[in-house]
Amino acid sequence: MLDVPAHSTALLAAKAKSGKTFDQIAEEINKPEVWTTALFFGQTRCDEETAKKIVAALGIESGEALVMGLAGKDEGSMGVEGMTTRGGTWDGPPQDPVLYRLYEVLVVYGFSYKALIHEKFGDGIMSAIDFRTSVTRKADPKGDRVVITLDGKFLNYSTPEVWGR
Amino acid sequence: MLDVPAHSTALLAAKAKSGKTFDQIAEEINKPEVWTTALFFGQTRCDEETAKKIVAALGIESGEALVMGLAGKDEGSMGVEGMTTRGGTWDGPPQDPVLYRLYEVLVVYGFSYKALIHEKFGDGIMSAIDFRTSVTRKADPKGDRVVITLDGKFLNYSTPEVWGR
Amino acid sequence: MLDVPAHSTALLAAKAKSGKTFDQIAEEINKPEVWTTALFFGQTRCDEETAKKIVAALGIESGEALVMGLAGKDEGSMGVEGMTTRGGTWDGPPQDPVLYRLYEVLVVYGFSYKALIHEKFGDGIMSAIDFRTSVTRKADPKGDRVVITLDGKFLNYSTPEVWGR
Amino acid sequence: MLDVPAHSTALLAAKAKSGKTFDQIAEEINKPEVWTTALFFGQTRCDEETAKKIVAALGIESGEALVMGLAGKDEGSMGVEGMTTRGGTWDGPPQDPVLYRLYEVLVVYGFSYKALIHEKFGDGIMSAIDFRTSVTRKADPKGDRVVITLDGKFLNYSTPEVWGR
Amino acid sequence: MLDVPAHSTALLAAKAKSGKTFDQIAEEINKPEVWTTALFFGQTRCDEETAKKIVAALGIESGEALVMGLAGKDEGSMGVEGMTTRGGTWDGPPQDPVLYRLYEVLVVYGFSYKALIHEKFGDGIMSAIDFRTSVTRKADPKGDRVVITLDGKFLNYSTPEVWGR
Amino acid sequence: MLDVPAHSTALLAAKAKSGKTFDQIAEEINKPEVWTTALFFGQTRCDEETAKKIVAALGIESGEALVMGLAGKDEGSMGVEGMTTRGGTWDGPPQDPVLYRLYEVLVVYGFSYKALIHEKFGDGIMSAIDFRTSVTRKADPKGDRVVITLDGKFLNYSTPEVWGR
Amino acid sequence: MLDVPAHSTALLAAKAKSGKTFDQIAEEINKPEVWTTALFFGQTRCDEETAKKIVAALGIESGEALVMGLAGKDEGSMGVEGMTTRGGTWDGPPQDPVLYRLYEVLVVYGFSYKALIHEKFGDGIMSAIDFRTSVTRKADPKGDRVVITLDGKFLNYSTPEVWGR
Amino acid sequence: MLDVPAHSTALLAAKAKSGKTFDQIAEEINKPEVWTTALFFGQTRCDEETAKKIVAALGIESGEALVMGLAGKDEGSMGVEGMTTRGGTWDGPPQDPVLYRLYEVLVVYGFSYKALIHEKFGDGIMSAIDFRTSVTRKADPKGDRVVITLDGKFLNYSTPEVWGR
Amino acid sequence: MLDVPAHSTALLAAKAKSGKTFDQIAEEINKPEVWTTALFFGQTRCDEETAKKIVAALGIESGEALVMGLAGKDEGSMGVEGMTTRGGTWDGPPQDPVLYRLYEVLVVYGFSYKALIHEKFGDGIMSAIDFRTSVTRKADPKGDRVVITLDGKFLNYSTPEVWGR
Amino acid sequence: MLDVPAHSTALLAAKAKSGKTFDQIAEEINKPEVWTTALFFGQTRCDEETAKKIVAALGIESGEALVMGLAGKDEGSMGVEGMTTRGGTWDGPPQDPVLYRLYEVLVVYGFSYKALIHEKFGDGIMSAIDFRTSVTRKADPKGDRVVITLDGKFLNYSTPEVWGR
């Protein structure tokens, strides 16, 4: 099972009961879909206002504890308001086939991505912090396709001039 | 160092000397850019005609052995023409920061991707085989961005009806 | 112990009490045997109708929670109806001797399978998604034999032409 | 790269040059296909007569060293004629996608196989020693299928009566 | 702590209280000593008659649940009567010194055993299934000795002739 | 031994022979000290002008190959001019005591750093890319001290507003 | 979740409720900030007087158990007053991005630190025991920066003369 | 391949050429069979006289280097005459099926051995140093059996009285 | 947290409350100090008389269960009176700095110890069973020193003559 | 084999040929025995004078390269004169029985050492840097004993007062 914070388990159960999709909830709270999903799995926190909207959208009564969890004001934030300890949903090569295929993409194409990032931008990385991502369904007569987009700011390695001497 | 087939090392050196980018080579051989890059890193093989074009594009003389390598007709194919043993460019969580950021995207958003694939398509996976991918540079006034697109066919788990009884 | 969802433990206990085999249950619900077994070990979910038949076949009273579990409508589905997180029954080389022998078959013959799949089909994989499998007992005067059949669709790696440029 | 004995590398190269498939070679030496393939990858040894036939089938001249390797009479047999040290073609979860799919079948269905073997035979294992296996291409209008059959003798755990007291 | 089934913990506690040794219990139920010990540590199951004798031998009252556990009719058998999931008492190189010495014997002499099995029998294994084993105390004036005997049927690798073509 | 690129080994040998410290070399090429040191250990590349200055500073004759290595124009750059594959100097918890102490600082204080970064900046990271670092010797009557400074730009996690919807 | 002692969880919750930062608490108890933070995460213990001040600063009533925990007088100290078992907040390469960046600094610059410590001091280490550390926010028009300072006494390897003969 | 000392590889090749079994060689040098086998695999060293007899038994001419290796007087002994660094023939759970079955015996029966050693002898271990072992072929109408005997002196944990105070 | 038996946790708590050191307790029960400490951490068991003295020394009332635990007569002994499963206080390279320094001594000097044991005694080991050890504080004007003494009987590898043929 | 620097291999071979023990060499160069042994295994470097004495003591002619290695002036010192990269002689739990027994001492008594160091000294460690160690043979009528002494300065964790605020 996933190592997610306590409020996630309760929220996910409420979501299932509500019959709403992540996309519908994201729309109701006017936030991006993957971000909203990641919020449910404990990979980020939100402000109290958003938390209240989520709890309302799921029709949860007396959801104060969940609001506290979502807003990073309960035990799961380790004493620092809003602090998220990310990770905890898989380890090593993942066993679940959906997760594994994503991992395999990196096994096969990861080094090519690195080489192309270098060729197109120079010495640096694609940020995973100044980052946004989406999952869409693309219709295709031969079978619809999953399209995942990773969109991260390019960050240059500091040149020695910037370090100063 | 990467565990890439023998012909990769020689090709990459020739490429560097030629001063051409993967994109330029891909254009000359009329193939997709990431696919061409992956070919250079030994993650796929190509037909002999393409192999010859690559060798020509890089200005390699007496490149017969490289053509054999690219076309999967040398030792690296383990006795089976065209067979690729994929992987070998990183292991465990990768130490290189460019590769690591890609890995971190899965650590943080992987389970969200899984959940959204399920919500949008049902029980199945994004294929990493019927798959194409690209890396592009998106201009942005706050700093240009790396955009990586994963585009794989959705594959449904066989229903019990399809298994037959 | 296995890391299986909560409903699995209860269902397996009820099955044992019922004295029925997986094959008998599979027959009653008119589903394939290995699929039905995998369902009991939490490796897939089913529709509500099938879930109800299973609960009935096992003579379980007030089995509503189990129906919810089997149909992927409880906590084990992580907020997404019908979503299965596969894996969790063994890790690393398995210690149990029955599981280990299956693993050993891959240790000894796995690369041969790969080579023959390539020779017979070209560059691609045997799908584990568009897949069905069976276990049968084959009578043999020297001692009956276990026959396991893996039957997966061959999936071709997308050619560069299909990627488009 | 694979950790295969020295004679394997040379044989596989000769095979590739010969243009013959494992199936054709297996037919010429009148042996089963997967067994012949496993022989090429160093997972078994054969008698000298078979070894000579293979060398002849591949059109190798002065192949004495290869015959010695195949027959388990060279260094790779660690001083014991015909002794094979099996394994060495992959480690941990395999990175190659073809090998991984086979591994994933065990991740998802392995415990179900165990349960069904127990139900159909009682307490024991499918032997991986008194074992034969095949890979075939099954035509299918929706796309041809890979069918792998594992066929191993059931071995009963010795009962305490057989242990004696 | 060991990962043993629930009934093991209770049985071992009852055994300790009874003051009987495994050998005494084995004698009372007329079963081999190591087999009986392995039964207590959850590495096998027994028939109901034997289970009842054990419960009686230990002077347990209302031991119905333990009989069910020993006979493989409770939760620990994962829904399949009598099924044992073996392993779970140590992992990796064991830390306990008694277990480690046994492990070290394999580190130092394991490959020699392999070579001698091959020389004396040909290509095959010592079965760990058609197997019996004992631990005895051998008096010795320089200090008594532990003598462990492993006695397993030799199993020949199937020859290609047996595979059929 | 370290897994550093080929030019590093030669450069380090030349440096040792020259009797110059990293600091002296850094001064001669007017670059920061840790950056220069990292360059010698293959953790970055430099422009050709700097490379030539280094080769001159070390009194190397016919150092063309080293200039190519430092400038990322030889095999170690995997076909992409100037590309560095970082890492390769230690793995797992390092065994060398100097490296281990640095690792131990993270074991003991790492989570505190995380909490304080969150408290002082909000949700984000210290960049290891827009980053500079130094090692200095601080005189102290009770024994001089090593002072290592990590100085990285704070990067905010993109807010959902920035993702857009 | 972190493997921190029982009193840490309660203290962190109280801190969150109090709305105070580690820095404010550190100031109230007149102790260094990182040290105070590490104390909250169970990486050190303090004297009883400090413990009482902390409990008071957080407005905790009946906080006797927490004082005992902070002062190393409860179960978490394993029977030895004030004894801390350090570690337990991450393992292997950490999955959390904030922790990972710190780890990556060692991956990329660790060996350079080692080389420079040797050049500046000779054969020895930076102590992680006679050690102090700080985290500060440095204003910067291009974006504020995290500055972490590690300040440890240099410890010389004992020379053979000191060993005596 | 095994990580055995250099002289082992040459000796094993000579043995294979000689056509003698380990048992025949053991008899010619009047030493135990498993010990002699272990000597060939580099798990022990012997005196010079025995080494010469072995070289003679294998009909090796100019075998001086091998005698030095066997007697622990060459590089493989790391500067200390006769010193053996044991291990190196397998790692983790072994992949070879013959070795694995021995390992599996410990997985299934190891803890039972521990319990019985304790019951029969008290607190201590079976020595793997004051130890002898044999492999024999036991005729059996149902199929001959491999019998491996481990015979090690019981060593008592020092009692506190023996420690002294 | 440590994986110690249940009675250890309670005893350590009682010890802390009593204010006595391990040395004082060891003196009261007239046993060696390290042995007594190891007993508290579950690494050995003692006779009932000693157990009662310990319980008395700690001023525990109704300490019957603890006496049973110390004397190896409760669940922690896995059904075999007095049996200890040693280990469980750390794993892999330990994260705690005090434990790590001990580990590091082996990393740096372990092979030297091996070489010197061989030179001084011949082929064999220092027993960790016929073993005693102490920790003392040695006054030193430059700072007091920790002196740990390992004192184990040398055990000779059985010579082939002792094996018999 | 050990991962020791190049000069170690040559020195150890010369030592073996010289017939001298580490103790004799240590005496000739007037250095401690374990330190001298560690020097031979590449775990430290020495001054040039000592290096020359060693080379002379071993009767090596034209030993200039070895002197450079011992004095840390060749490639093994990674460009920094006298720098040692310690470790490299074993990994994970060691397989060699002599090394393993030392490791086992830490498994069984390591936490007790930690507890006693705390009780006798307070919060801190035994230094492995300001450290000396010896191996001696202690005569004993019941069998001579190996006595290893670890003698390291106690280092106090810096108190918060020393950190300053």
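Letters A, B, C, D, E, F, G, H, I and J name the chains as they come in the text, with residue numbers starting at 1 for each one.
One rule holds for everything that comes next: a contact is a pair of C-beta atoms (placed from the backbone, for glycine too) under 8 Å apart; a residue touches a chain by one contact, two chains touch by 3 or more.
As the structure is a computational prediction, the values presented were derived from the model and not from experiment.
K.L.:
Starting from the defined contact criterion, work out which chains touch subunit D and subunit E both, please.
P.N.:
A chain counts here if it touches both subunit D and subunit E, which gives C, H.
K.L.:
Check I-J against C-E and say which one is joined by more contacting C-beta pairs.
P.N.:
Result of the comparison of I-J and C-E: I-J.
K.L.:
With centres defined as the mean of C-alpha atoms, identify the chain lying farthest from subunit F.
P.N.:
In terms of C-alpha centroids, the chain at the greatest distance from subunit F is E.
K.L.:
What is the size of the turn, to the nearest 5°, that moves the C-alpha atoms of subunit B onto the matching ones in subunit J?
P.N.:
A turn of 145 degrees brings the C-alpha atoms of subunit B onto subunit J.
K.L.:
With centres defined as the mean of C-alpha atoms, identify the chain lying farthest from subunit D.
P.N.:
Following the centroid criterion, the farthest chain would be G.
K.L.:
Could you please state the distance in Å, as a whole number, between where the Cα atoms of subunit H are centred and where those of subunit J are centred?
P.N.:
For subunit H versus subunit J, the centre distance works out to 29 Å.
K.L.:
From the C-alpha centre of subunit C to that of subunit F, how far is it in Å?
P.N.:
49
K.L.:
Report, in whole Å, the distance between the mean C-alpha point of subunit A and the mean C-alpha point of subunit H.
P.N.:
Inter-chain centre distance comes to 55 Å.
K.L.:
What are the residue numbers in subunit I that touch two or more other chains?
P.N.:
2, 33, 40-41, 78-80, 85-87, 92, 94-97, 104, 107-108, 111, 114-115, 118-119, 124-125, 127-131, 155
K.L.:
With touch defined as at the top, which chains are paired up in contact here?
P.N.:
A-B, A-C, A-D, A-F, A-G, B-C, B-D, B-F, B-G, C-D, C-E, C-H, D-E, D-H, E-H, E-I, E-J, F-G, F-I, F-J, G-I, G-J, H-I, H-J, I-J
K.L.:
Once bound in the complex, which stretches of subunit C touch subunit D?
P.N.:
On the subunit C side, the touching residues are 2, 21-23, 33-34, 37-38, 40-41, 43, 86-87, 89-90, 92, 94, 96-99, 101-121, 124-128, 130-131, 133, 135-138, 140, 142-155.
K.L.:
Touching subunit A in the complex: which residues of subunit C?
P.N.:
3, 73-75, 77-81, 85-88, 91, 128-129
K.L.:
List the residues on subunit E that touch subunit D in their complex, please.
P.N.:
Checking each residue of subunit E against subunit D gives 26-27, 30-32, 35-36, 44-46, 78-80, 82-85, 111, 114-115, 118-119, 122-125, 127, 129-132, 155-158, 160, 162-165.
K.L.:
Show me the residue ranges of subunit E that touch subunit I in the complex, using the header's touch definition.
P.N.:
1-2, 9, 11-13, 15-16, 40-41, 94-97
K.L.:
Using the touch definition up top, name the residues of subunit D that touch subunit A in the complex.
P.N.:
92-93, 95, 97, 100, 104, 107-108
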